[in-house]
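Note that the chains are named A, B, C and D in the order they appear, and that numbering of residues resets to 1 at the start of each chain.
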Amino acid sequence: MLEELKEAVLAANQELPKRGLVTLSWGNVSGRDASTGLIAIKGSGVPYESMSIDDIVLVAEDGSTVEGRRRPSTDTPTHIALYKGLAGTGGVVHTHSRWAASWAQARRPIPLLGTTHADFCVGPVPVTAPLGPEETWSDYEGGTGAAIIRALAGRKPSEVPAVLVSGHGPFCWGGNAAAAVEAAVTLEAVAEMAWLTVALAPGGELLEEHIAERHFSRKHGPGAYYGQA
Amino acid sequence: MLEELKEAVLAANQELPKRGLVTLSWGNVSGRDASTGLIAIKGSGVPYESMSIDDIVLVAEDGSTVEGRRRPSTDTPTHIALYKGLAGTGGVVHTHSRWAASWAQARRPIPLLGTTHADFCVGPVPVTAPLGPEETWSDYEGGTGAAIIRALAGRKPSEVPAVLVSGHGPFCWGGNAAAAVEAAVTLEAVAEMAWLTVALAPGGELLEEHIAERHFSRKHGPGAYYGQA
Amino acid sequence: MLEELKEAVLAANQELPKRGLVTLSWGNVSGRDASTGLIAIKGSGVPYESMSIDDIVLVAEDGSTVEGRRRPSTDTPTHIALYKGLAGTGGVVHTHSRWAASWAQARRPIPLLGTTHADFCVGPVPVTAPLGPEETWSDYEGGTGAAIIRALAGRKPSEVPAVLVSGHGPFCWGGNAAAAVEAAVTLEAVAEMAWLTVALAPGGELLEEHIAERHFSRKHGPGAYYGQA
Amino acid sequence: MLEELKEAVLAANQELPKRGLVTLSWGNVSGRDASTGLIAIKGSGVPYESMSIDDIVLVAEDGSTVEGRRRPSTDTPTHIALYKGLAGTGGVVHTHSRWAASWAQARRPIPLLGTTHADFCVGPVPVTAPLGPEETWSDYEGGTGAAIIRALAGRKPSEVPAVLVSGHGPFCWGGNAAAAVEAAVTLEAVAEMAWLTVALAPGGELLEEHIAERHFSRKHGPGAYYGQA
């Protein structure tokens, strides 16, 4: 079933170590089939080096496995919550990438300091509020998805393609699995440059709003003129 | 047309990911043919992995495409402004390389702290003043070129082969596309070492002027004795 | 003798440079055969590039060589002390990996700042007290093992799979040589992210205890649900 | 002439980019033949990628070229001064390696913070005093060699195998060219870990003297027991 989706999700997962975004088996990418609502996701704890199409699991929106020999990623309920809550999302990725995870551990949103950030995201990259003990013990992964959606505070998922989970690491999304991985690559570069910048300019140097808007609109929306038509 | 120039510009663009200077499709190199004034530049948003000679576009000094199936880089007007304003320039490169971009985001010129810098550039690497809203919305890329030239403040382009665009990243230049990329490689090393140095010596430790002059003159000008004759 | 153990120890040693954990010949992995009590360990000062099964030495618990042409690692008495003192340990690794060694040199335990750490270790990663002159000159390597066991202060080795030796670097352990190397890889990532985090949030942002417990229990113990059954 | 020496010097130069110690053509290794006193050194500005035995030049102690088509490295007079001034030295290397150069640019000796340093060098790694204008203009490279020897202040070259040239970068040495490169690799690791450590422990945490002595004596001198007999 859905061979093309599974192949795309496999390729997107394999991209993570190539891009330096994962260590060992930490991290997972999923993709969603819009017509059936089924989600293809990496099996839990599967190492990237030996991963094959048989390590990709198909799950329904209720979390049940539809196809696959593997147990799906433990983070599957977070992915499902994001597909339900973030309109237009066809791919989700979670990593512990170093620079983004450091902002998440410091509980600091990534401030908009430059055009690399502005090309990617409108405003700062938010951090979730930590889950309380009850939610942590009853529905940790689903609750994490809900916390991410709350952190967006009504901002559009296409304008804020990433959220930092407090004390944990980033979740990113896009129209499909490859776009979600591209968001994760971009977020990591943005997180690194912001880290290096605040060390040089501790008071912060926010990008001018007109330059931020101009940059986002070069790449996104009806007036975009970046890339090939 | 100008096959040799296009091949040189293709090779110079391909050098960027090998040197760790670009992520995804961010960055572009151009080269100028002195006799016709035509500029060869990378197509907008083209990924480096699959780039071929067909992704290099020839543009005239008025920005119109003379040859090529691709839309040229969105930064083309900045490149054109630099060729016009910086005498003797035959190659221009723009990247979001991490260390240089961090100085640009912090709005701090890179101070002359050591001989690696002195071998490359006379005095600090300047940062542009940010564009105002009007210029940003009317002619963002051309205005960026003008801001770079203003930041040089009359210093010679052969003695200051790079400028940091405030909140954005570096533009570098040289006699041809390969020389511009060599400047970008050097700038990134200089930016990294300066970052590491100011963390150890926050008050700064400027290089003695006589040592800076001696180093620049070892590599440049009539008394140069570095390299092979 | 014990060919399988020696092969596993060779492979685990070769994993260290692949994971970026060692420079030159610094570092060593051993594995213990539970039935005979014999330990297979890397020869002292052997370079990783040319290492073969003949560079792995079998030693008894009294430190005497049972098989092998090489002198065993100078750190062998530390490994032996850990096998004796840490119940259930079948593999030990020592490196000078950069981030972990920096915490060791700063004499600071690594605080529990995020879920990557919580997945791996209950509470902070401890630092040993420095050895006094007498122990240093009479039994430096054995004394180092004893200091590591003292630093655990009764915490379970399966819940604290690493200790930083003050002014030196990490020792890590696990059920076998491969598990010990996985602990060393994880520790280095944890050390790096903690370093980056404290620079952003100098006051520290400890992970909530309920989230730390939830994460450790996702991966370890009877209720674990991470990975494949 | 001296084919074996030239091959060893070529291999040692080629090791620099493999170890991440050089960018572009910055850096050079030489080796000295004890019986003739001749020195084999890299040609000036030669790129590492295409370097061959023909790019290695033989020079006499007065700096004159004895064999080779290339102009020798501009730093040749510094190498010669070190061979003359540092007894037992058979190999010298100069790089602009990032972490060591940052300490050099900050004008700070690298403090002895851990055992990686103690295994390598007795006491801190010194920094030279800057040359005055007169020496800079009359005999910059020879004066740099003299400044390095002064910075040792009578300490033994076998116990202090590296000095940082103020505002510039490291020079390292050893019994032959390969040993000098090993010193450069070690120095860079030591410089990186010291940098990371002082950020965590700004007041510094010097290694206990008895541990430093024990470590140096494990690897050097009559009581050494590290490595194979």
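In this text, a residue touches a chain if its C-beta (ideal position, glycine included) is under 8 Å from a C-beta of that chain, and two chains touch if they have at least 3 such contacts.
Quantities reported herein were computed from a predicted structural model and do not represent experimental measurements.
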{"item": "Any chain in contact with subunit A as well as subunit B", "value": "none"}
{"item": "Fraction-based call for subunit C against subunit A, same above half, different below", "value": "different"}
{"item": "Maximum centroid distance from subunit A, chain identifier (CA atoms)", "value": "D"}
{"item": "Interchain centroid distance [CA atoms averaged], subunit B/subunit C, Å", "value": "46"}
{"item": "Distance from subunit D to subunit C - Cα centre to Cα centre, in angstrom", "value": "32"}
{"item": "Multi-chain contact residues (two or more partners), subunit B", "value": "199"}
{"item": "Chain-to-chain touches, reported pairwise for every pair that qualifies", "value": "A-B, A-C, B-D, C-D"}
{"item": "Interface residues, subunit B side, partner subunit D - complex", "value": "113-116, 182, 185-186, 189, 192-194, 196-197, 199-201, 205, 207-208, 210-211, 214, 218, 225-229"}
{"item": "Interface residues, subunit B side, partner subunit A - complex", "value": "23-26, 43-46, 70-71, 74, 96, 98-99, 101-108, 130-133, 136-137, 140, 167-169, 195, 198-199"}
